[in-house]
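Heads up, the next two complexes both have chain A, just with different partners, chain B and then chain C.
And then the complex of A and B:
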């Protein structure tokens, strides 16, 4: 495809992100607009923002690629990514908003009344964030290489620079609107090309090259354990993602947090129709992409492959724009929330501390990204979800729903889950995809229960450490807020 | 292989190699040096402690200061238990009890079987406020078989004119020395209790100050608003009615009783009403622009902490100025903080005077600012006071930074 068009798309998305970030605030010149300006973000906006921040490289590129490679087994990814929000809706959204905490470390510190717990949670959250940024940078590298022919590192470095500049220059003053814009951009960038392709294919009446049920590279179907373990990781992992939970703070109360989550469920369900469609069309009409080892780039290549010409170029440019929106939105969301945690716990709370922390939280994963090789995007994000599910998720769920949790139990559980899951990830990375046994490649099915079990057992053994503030905090988490006096 | 074995044998059979000898000598020399060094240090430390009298003074003062720390929170069981250990060594008695007017707080030393009867023994002291000596027979010797009879000295702890407790020392004989020492200890405890009460009242004072600082809408404003509304009653009754409703809503918000915190959104609405009423007076002279990041609208802030800042901008920035004045209010998302600024292009303030007013040295016009500043510092710590950029004739920019995460505060 034409490199110039792809570059133009990339620059366009970056500029749009920065402009909305800088100028997207509601400005009112008269006192008459006061009421509008002081109105909190409506659940629709906030849900779009959450969707924009959540849909990362894995969803935009990875899911379609995996469906191309392994068919229905890969459908568990979109199912799990979406269903995680059901867990969030049922168990976490409203109580977490009512807690008044802004980040996960804030929450654990307030709930367990303990500084050490805060430190451990912060450490885990920063790790999760860094691990999550790495696949985004891999995705950017892949996109740049495939679409412009430039060396891969250009893509990762470009994303890091754009994110650092906007965050450091105060460009995230209206992050909600930036992220909401990114969601609709991503949806359009996936929906328009695939619909166009389907119409073209239907119009020309071309016959499928391969039946949809056959894996093009002959990948063996995954076993029951793999699928269950993956689903556990995705369902529970969503609960602990730092950048998603920060967004709930924007809701004025617990009830609107629930409504937001419900809308997110709908938005995600709509979005995931399209990667699935890409995967299906790819299996039937372009199985050659899988054999060339370019499954992750399938979404980028399909318009050029099946439509071609100027129309194909323009559609590709749209997809590239959507892909960069995915990398930028997820990375900037993560960088902002990590910078909040790092600046608060390590660097001191000043403005400069926040900026420095933002640079640190973007540059460290860039180093990781250079050192590691990109393998299946959806899979590597799935592992991050497994890590989150084994560390942050137990402490959130037990913290909200169990009065008996103690600081010692929380720390022991998080460390157990982190060591087990992190160990499995490291062993898997060194052993290589082909030689890793299934239980190590998908560790969530045993690391998550282990973390929960250790947390419960150690808490039981240290019952005398249940904080005195427990009843008060639990009451606050689970009783509805006083209605705002001026809301009318 | 062979060479290796040979080397091993050579080493094994030649312990007198010059290298080994040198090493052994060095190790021994070092060991001697360490022993001598430590010995000297120990000797010197003994010598440094000085004469017996000096050491006795040191021990007494040390025990007293340790006990003082434990009693810093007043007469309570935990503190008294720790302090009584120090006090008993101080008095050199067999047992020591500390009690307040309702019961025994701590017992240290022998004969704990006397504890249930202690309050009966001390009743007279607590009532009269005079030190009492109970000779060995009276202090309960007859009932016990485990130890010899003990005499008791019970001295009252007097804070001000009230008797708040007593200290009881038990020894085989109650000599004049013990009696004097015990009543001195009781007086010393009384001083500590008074210090603790002073601490408590200082905290109460701070709390009361915050409560008093909270939620004052200025009487000027009420007077001016009512006058402005009155001027509309004949000319524009509909507007007058509207303004009265706004005034009612404003006062309802600012007179509310519950909670010391509110959300930024609620506070902004309160400011909206306030400005509506001010515009009834000033007309188009007051221009306002707003730029608010919706992410920070649910941030919890102290109740009525922004309205006084806006009122300050209107009254001291624009009222004194000719022509229209502009006020701009922004709220930004700054990481884990929400940053609110209020800027006016009015007459500004003299920084030196402002500083002395904020420090509480002078009572200037800008009492509202000082009030907000004091509350912010009280709630969020000294780093979170107001930041004010101003100069005469240059307008004023006030910045407030509040942490977003406040799990302890209910809006």
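And then the complex of A and C:
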């Protein structure tokens, strides 16, 4: 691929992000604008912003790469990423909005009336956020190396710098517009090239090189346990992601939080058709891309491989732009929510605390990214979902639906899930992909029930610690918000 | 034009409207709230279980009916269509059904609370 074209695409996305961020800043300037954003952000904008933030490197590059490698087994990833939002809708969307909490630690503190719970939740949330940023930086490193030939670290560092600059300058205010723009950019950047490729292939009548059922690398197919465990992680991991909750805060009430989630589901469903199409076309017409050992770059290389020439270059540039939109939007969403948590709980509130926290939240994962190697992006993001599902998910679900939860139970459960799942991740990282047994490689199926069990048992044993505010909080979480007098 | 710093505290949940809670503090009010929570939880569990059953039925269908996975529809193997496209409408439909019924549960709760 022409490196100049890829660089131009990269600069283009960064500039567009900055310009839209500035536009958003200009129209929302006051404290009132910030909090009343709930009244002015329409569901479609909000849903696009959620989609923009959620569709990360794993969705944009990783899913197609994994489908290329392991075929229909990998289709569980996009299904799980989408169905995770269904679970979010069913179990947490409206109650979380009604709680009025801005971050997950806010929620647990309000529900359990306990500072220690807040501290533990903050710790877990920061860990989740950092773990989630690392694959984004790996994706950026891979993209830069493949498309421009520059050293990998340039990609990660570029993402961190752009994110730090936008977050430090604009904070939360302009993010909604940027994220919404980036959803549509990502969708276009995937849809246009693959439709063009299919059109060209159909026009030239070229025969497939390999049937889709043939695995180009000969990796053993995942067993039933692995698929089930993966689905557990994806279904229950989504509802604990720190950057997702903030977005629900900008809905005016619980019912509109539900409606926004419905639109998000539609947007995600449409989006995931395209990585699936890339995977299938890649398997049939360009199986060689998997053998090169960089399956994650398949989306970037396919237009050049199958179309070529100037058209291929232009389509590749579009895909590179979309990929960078994915790295930037997810990373900045995570950095904003992490900075909120870190500045409140460690550095003290205030704008300067927030800025310092933002820089810390972005630079620490950069260190992780340098120390670790990128293997399948969708797989490493899947592990982060497993960690979230074993820690944040039980405390949210039990906190919302069970009156018996206590602070001691919540802390014990989160620590259990975190230690078990984190331990499995560390052992798996040292043992290597090939030698890790299935139950360690996909730990969610046993770590999530373990965390739930410990949380329930310890809460039962410490029943006297159920907070006095419990029934008031439960009422607020579940009752519709409009005052009765003005109803209908 | 000057920029204004956002100064409202971001910690902790803000108290809900007074009117909302006044009607709910009584014992009867709490009974209504409990029954609302129970019906919302039941609804969420039913929708989730239904969705998971359908999700599980898809690969089962492919495994049980021989040759179905490889059958081509417009050049695309059926297994890919089912798992890569067919599941999304099921997700959307489940979500839509849930939202409708959840709103109905809340409307019923409001009627009860008003009559009180």
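Here is the rule we go by: the second predicted complex is superposed on the first by the 465 of 488 C-alpha atoms of A that agree within 3 Å, B and C clash if a C-alpha of one lies under 4 Å from a C-alpha of the other, contacts with A are read in each partner's own complex, and residues count from 1 in each chain.
Keep in mind that, in the parts below, contacts are C-beta pairs under 8 Å (C-beta built on N, C-alpha and C of every residue); 3 or more make two chains touch, one makes a residue touch a chain.
Keep in mind it's a predicted model, so treat the numbers as computed, not measured.
Of the two partner chains, chain B is the only one that A:252 touches; chain C does not reach it. Once the two complexes are laid over each other on the shared chain, residue contacts for A:436 go to neither chain B nor chain C.
When both complexes are overlaid on chain A, the residue A:101 reaches chain B and chain C alike.
In the superposition on chain A, contact of A:478 is made with chain C only, not with chain B. By the touch criterion defined above, A:340 reaches both chain B and chain C.
Look at A:176: by the touch rule set out above, it reaches chain B but stays clear of chain C.
Of the two partner chains, neither chain B nor chain C is touched by A:294.
Of the two partner chains, neither chain B nor chain C is touched by A:462. Once the two complexes are laid over each other on the shared chain, residue contacts for A:266 go to chain C alone; chain B is not touched.
Residues 29-31, 34-35, 99-103, 106-107, 109-110, 340, 344, 349, 351, 473, 476, 481, 484-485 of chain A are contacted both by chain B in one complex and by chain C in the other. Interface residues of chain B facing chain A in the complex, by the touch rule stated above, are 249, 252-253, 256, 263-266, 268-272, 275-276, 279, 288-295, 297-298, 300, 332-337, 383, 403-411. Contact residues of chain C toward chain A in the complex are 1, 3-14, 16-17, 19-21, 23-24, 30, 33, 36-37, 40-41, 44, 47-48, 51, 55, 69-70, 76-77, 79-80, 83-85, 87-89, 91-92, 94-96, 98-99, 102-103, 106, 109-110, 113-114. The part of chain A that touches chain C in the complex is made up of residues 29-31, 34-35, 72, 75-76, 78-79, 82-83, 86-87, 89-91, 94, 98-103, 106-107, 109-110, 171, 212-213, 231, 255, 258-259, 261-262, 265-266, 269, 272-273, 276, 280, 340, 344, 349, 351, 401, 471-476, 478-481, 483-485, 487. Chain contact summary for the complex, chain A toward chain B: residues 25-31, 33-35, 37-41, 45, 99-103, 106-107, 109-110, 170, 172-176, 249-253, 336, 339-340, 343-344, 349, 351, 354, 357, 473, 476, 481-482, 484-486.
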